[in-house]
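Which chain is which? They are A, B, C and D, in the order written, and residues in each are numbered from 1.
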Amino acid sequence: MTNKKKGNAFTNNPIVRAIGVQKIVVVLVLILLLVFFSVKSSSFWTYASLLSIMDYTYYLAFLGIGVTFCLITGGVDLSIGTGMFCYALAGGYLITKLDMPVIVGILVTMGMGILVGLVNGLIVSKGGHAPFLATLCTMMIVRGLGAIITGGSSITWPIAGTPEGWTRNLFKFTLPSGTKIPLGFLWVLIAAVVMSIILNKTRPGRYIIAIGSNKEATRLSGINVAKYQTLAYLICGFFTGLAALAYSSAFQSMTPGGGGGVELNAIGGAIIGGTSMSGGSGTIAGTILGVFIMSILQTGLPKVGLQANYQQIIIGVVLLVAVYIDVLKNKKLS
Amino acid sequence: MDKIKENAFVKKIGFNSLVLFCILILLYILFAVLVPVVNSDANANFVTWAHILSAMNYACFMGFLSLGVTFVIATGGIDFSIGPVMFCAALIAGYQLTTNGWPLALCLILCILVGTAFGVLNGLLVTYLGLPSFITSMASMMIAKGLGSVFTKTQPVSWPQLSDASGNGWYRNLVRMQVGGMTVPTGLVLLVIGAVICAIILNKTKAGRYILCIGSNREAVRLSGVNTKGWETLAYILCGTLAGIAAIFYVGVYTTVQPGLGDTFNNEAIAGCVMGGTSMTGGVASIGGTLIGVLIMALLQEGIMTMGLQINYQYIITGLIVLVVVYADLRSRRRRN
Amino acid sequence: MGDVILTMKGIDKSFPGVHALDHVDLEVRRGEVHALMGENGAGKSTLMKVLTGIYSKDEGTITFEGKEVEFTNPREAQDAGIVIVHQELNMLGHLTVAQNIFIGREFMKGKFIDDRKMNEEARKLFDQLGIDIDPTETMSRLTVGKQQMCEIAKAISHDAKVIIFDEPSAALTEAEIEELFKIIRDLRERQLGIVYISHRMDEIKVITDRVTVMRDGGYVGTLITKDCTKEDIINMMVGRVIYEDPKTESQVAKDAPVVLKVEHLNAGRMVQDVSFELHKGEILGFSGLMGAGRTETMRALFGADPKQSGDIYINGEKVDIKTPKDAVSHGIGYLSEDRKRFGIIVDKTVAENSTMASLDEYMKGLFIDKKKEKEVAQKYVDILKTKTPGVDQLVVNLSGGNQQKVVIAKWLVRNCDILIFDEPTRGIDVGAKSEIYHLMNELVAEGKSIIMVSSEMTEILRMSDRIVIMCEGRKTGELGIEEATQERIMHAATLRN
Amino acid sequence: GGGGDTTTTDTTTDAAETEETTDAAETEETADAEATTDNSGLHLEIVSKGLQHAYWQAVLNGVNSKAEELGVSVNFVGPDSESNIQQQVQQLETALNADPSAIGLAALDTNSVMDLLQTAVDSGIPIVGFDSGVPGAPEGAIVANCSTDNLAAGGLAADEVYALISDRIANAEGTVRIGVVAQDATSESVVNRGLGFIQEMASLVADSGKTVGMASVSNERYVTDSGVEVNDEADVVIEVRVPASVTSELSAADASAILEQEDTIAIYGSNEHSANGIITANENLNKCGTGEGQVVAAGFDSGASIMNAVRSGVFAGAVTQAPVAMGEYLVETLVAAANGETVEDIDTGCQWYTAENMDDPEIAQNLYE
């Protein structure tokens, strides 16, 4: 009983409430992970190591930010992982195989992301398909599309040092001295702040939350539900396009048919960060934190000498625990 | 149109399944016509027994996967782990067979049991802990992949050939059998038998009745004094078991399984099931539809390969067919209300 | 009372299987509070939803401020000045109070939502209304009553000319109702037209100026409140309907054995130390205001929700009921108040629904004996006079009353001795209603025992042999039918501590 | 089945040793002679391991140009990933159903196509293996192989790398580490390139009188099949890493994990994918190069980024196969086999290229972006 009261005192603390219990827990877990990895691996706390964690974080963070919007409406977008590869393949194909200007490749990458996002949104909001099924179908479609565009060949975006290689500096800027600046972190930060503002301070964001909270009530308030639902998927598509750029900047090459499973890391990150699977609540800051956990696990586990197969099991279990916390939280609410 | 729908025979089979069946036939005709035109090889011919046999390779294991996931989707849930679970089962059982020399029969049973175990895991997590089936099965997918790799030390496992000296190869007859110079697609026969059994379970037994009703209105079923958690878990167990069976049919054709893979099969199995008229929101399921859905996908794959096209067209077309079929279903249901 | 601001004429609306509105008229003037009355399912809410553009009408005209209007969505109605406080709460649980109030018309500072201004405005609004709610609180953390007040505040915050209150008082405490009336009087002063829907006769007399009565989707008439008596209104509401003869004395033999005994039942906040007995052949009425905890009591008793403590005896034997399965195996059947959510399985057939609770008896080996299943379903279709083309019909295609009969059939097939009927006639048309009453009397005559939870006073008084009254999760009274009057029940139902 | 595979590849090596490249030239001549005869009715089916890597695109180019030259029709297919056995089996079966004159096959897995090989033999369709061929295929099922000897190719990389690090090994105080990044532990060709490297490296080190062992975190298949004992305390420790799935970011993570260790002196990526992973990891770490204290890195295959890495000195060098030539030889051999001639194995060969020699015409012809 006393324990319970203590818990309440903790959870009712205004500062705690402002930040959110889950986010505090996530930060603690994050710190724990960092401590664990730095103890177990001598090379964890190096600048280079930081750079490589960042490489993982960029694209996951973008995907996470995007899919958070879908999750908040009570939907989901399963096509983001495969889509990210597909758009990067298409853009890279134009640049490297058809010798088009880099900017065209970037625009096509982003454009495809936005377009597929729009299609997802329309299928869900106007077509009335379950988000899950709709995006499963687009996932299959973009998977095939990426391979067909490139003729089944893998694509390597222009490499650093070549005239077209400037895209790589977008996320990791190389100073003349050779020092690399994780510039992408800045973009992620800006995106997170901007999207946080959009989510919390603008009408579209407000209505996206409202839809996830109670779709019918939102409709009765005279809000065009279909429009804002579509917008959520559109935002998700836009960020998938950004993620495709971040991915090709960090890892250059991608194979057609790949990317399946990346959406799990992004969705997992969002859920760890406190976004609810049932919609209505979620924060961008939480998603960024959750995504950090995912990318630290992904980069840290190989460093502590764990075989790849165990890594998957661990990440799977982490995901289950995160969802269970979400379920418990919802139970308490109702 | 309505007249056709009211016809007793059509009603029994289900209008949607009938439409789907027509799509299947049309697709076959389409490929029969297109293949000679498109293919660079002059004597390309799609209308052969060999092509049908070849399509059955895929249809068999995919069919069992799809049948299994139909039960889960009927409860309103989803299972994203079936593909990797199938591989995990084939890896573990195959490893015991080839490395540890377990008898074949035991390994086949083990194969099914591994599938069942994952079914139990998913079912318990979903029903007793109340986790969303989507994330749960995604997580168990990762676990299945990891487990398969750990168990086999990341090596592929090759199940024995038909002519294997150990005499362990007979399981391959489950898919195809040579009978007097003629190749018989035993796998198709077994798949149909499996589908009939599944249809009976779904439509004629208590389990099926409860599974469907849980998908429609879980709370109403619970308040009727039914142990909903138990029956819902059973749906996941059936799904896992069928994934285990699918594993036997997979190795029956392809013999070799690699660790860390299998997730692409999830989408195809779910697509086949949904194409067949099973509703993602639960409560409505058609085993016959699932079977036809899988056959359509098998035909697509075979036809597209024969035309010399990239296999990727299959994904695109499957995705589109599912969207269209489900949309048509949504529309007709909306109009009825 | 000023001039006419709103006229609805000849409004007709059908849902599949239900003729919800049959050429209904309504006239509202500025500066009046106009009561809209009628039994459950009479069509009041539907009429208001037609007015505010949530439903489209099939026929009829709506004239607002002298112009004919046709709203296609609630937003248009709002913009024109007609707002509604819905019967069911329409809140966005994840947003704050202020965000809820201003949803769809946020204050903006450039491109951004000005939450601070919204909080200020909401606070002003609450001050003006004399309500004590923090605008920055998350909606789902408020009590039901406070949520309702927010809904009202939201309606008022629109620059409305006509405000519709659809049963606003149902979830409010006495004090809150007082506050509400103060607000309504204030609005009347400001020459707004107000439509007030309520089942509580006393409120009608206190607050309204005119009353329009509806019955079975039709218009009955309009009265001036101060010129008529309660009885006049009731007569108009009930009209020609022949209910079962009201009970004046208990039909239960003095020595009838106790079939169910509940002692010190505790379950959550809404069930506190409830004890009662049910005799063989008895209809035990459970009365109380909405939110009194009757449903929770029944659900806990039935094992649908967990209970903290309490003993249950069936035929003198102590039983352990943890799940509905346990309850059913002890011969208890439960007819839920929310038929669609907890009762029927809409997209399954009548036969499948009928045997849902007793499938074990309709098995032939491993398989369901569909022939036997259909036979028994048909038998109860005949007995209950369920209107359905056949037992293969999907339940979704039946009307409310017939759906209810299917649920009853489910428990009769199971041969339950103890039946809990929670709001058995909610949303059912009048004819079906009297059939269900008739049926309940037959059942107890056959020796079954019934607990009937009902919010309708008349229903309680006509059907029960004994009445248990609850308030705020406690049992606050128990009356034999001989001694029960509306006043005594109401007294117990408002006995707060 | 590591032992079995080794024997098969041994025979190929023998063939290559005895016949050298002159054989290839001869085949070319015969094929040319044949071109004047009628090939127009011939239809060839080629089932590759996929089309993802630039390597395969180069093979395809070779196939197409030769097919055009000879006037035969070719259908070149491959699964959508190098691990999708199911699709490849379907593709091979479909190819058989098309009743072609001959089939070219780069099997992902021999076991899974065993029945189909038999069917081909029964229906008289000759099969020619290419790339890594069809290791362990039953006698007579494959009429010839146009393939790279992957064990030898891996060994070549080891020889070249060892030459650059032998001093460092000799002078080392404690343990030094040599990393191997492999795409997977399942594909025969990838595994053999890894094993070839490990075994050659191990024997070179052992010859120099130092002890050698595998790191305990290494992938188990490589440990078992290489026959090198696990020993984290040996003078030279070889560490083999395989990511959970074939994606660039996971390969890069593995490469980082190797490069970040203080005692790492060399790293080898056994195909284009893995080599790319090393390049990506090195962009953050800046450790690779041939200078003092840098990590000697070697790759496999070409492609834009690897070639760039070699040219800029990040990679000491890389092994390239001759994919274009392989494609051409394949078509020639297939045509010959279809016409009922006896055909022989061809080792299409491999070369070590560095910043210095990569512009030599002999090597440049085998480099592709």
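The criterion applied here is as follows: a contact is a pair of C-beta atoms (placed from the backbone, for glycine too) under 8 Å apart; a residue touches a chain by one contact, two chains touch by 3 or more.
Please read all numbers here as calculations on a predicted model, not as lab measurements.
Counting only chains that touch, the fewest steps needed to get from subunit A to subunit D is 1. Across the two candidate interfaces, B-D and A-B, the one carrying more C-beta contacts is A-B. Compared with subunit D, the chain whose C-alpha mean position is the greatest distance off is C. Each chain gets a centre from the mean of its Cα atoms; for subunit B and subunit D, those two points are 36 Å apart. Between the CA-based centres of subunit C and subunit D the separation comes to 75 Å, rounded to the whole angstrom. One finds 31 Å separating the Cα centroids of subunit A and subunit B. Centre to centre, using the average C-alpha position, subunit B and subunit C are separated by 46 Å.
Along subunit A, residues 147, 151-152, 256-257, 261, 307-309, 311-312 each make contact with two or more other chains. Of all residues in subunit B, those that touch two or more other chains are 145-146, 149, 154, 259-260, 264, 310, 312. Going by the touch rule set out above, the chain pairs that meet are A-B, A-C, A-D, B-C, B-D.
The residues of subunit C lying in touch with subunit B in their complex are 16, 302, 304, 323-325, 327-329, 334, 336, 341-348, 352, 356-357, 359-360, 363, 366-368, 370, 410, 414. Those residues of subunit A that touch subunit B in the complex are listed here as 76, 123, 127-130, 132-134, 136-141, 143-148, 151-152, 256-257, 260-261, 264, 267-268, 271, 277, 307-313, 315-317, 319-320, 323-324, 327, 331.
Touching subunit B in their complex are the following residues of subunit D: 1, 43, 73-75, 77, 79-80, 83-87, 89-91, 93-94, 96-100, 109, 111-112, 114-115, 184-186, 219-221, 224, 242, 244-245.
Taken together, the subunit B residues at the contact with subunit A in this complex read 78, 125, 129-132, 134-136, 138-143, 145-150, 154, 259-260, 263-264, 267, 270-271, 274, 280-281, 310, 312-316, 318-320, 322-323, 326-327, 330, 334. Only residues 42-43, 46, 48-49, 51-52, 55-56, 96, 147, 151-154, 156, 158-162, 172, 178, 180, 247, 250-259, 261-262, 298-299, 302-303, 305-309, 311-312 of subunit A touch subunit D when the two sit together in their complex.
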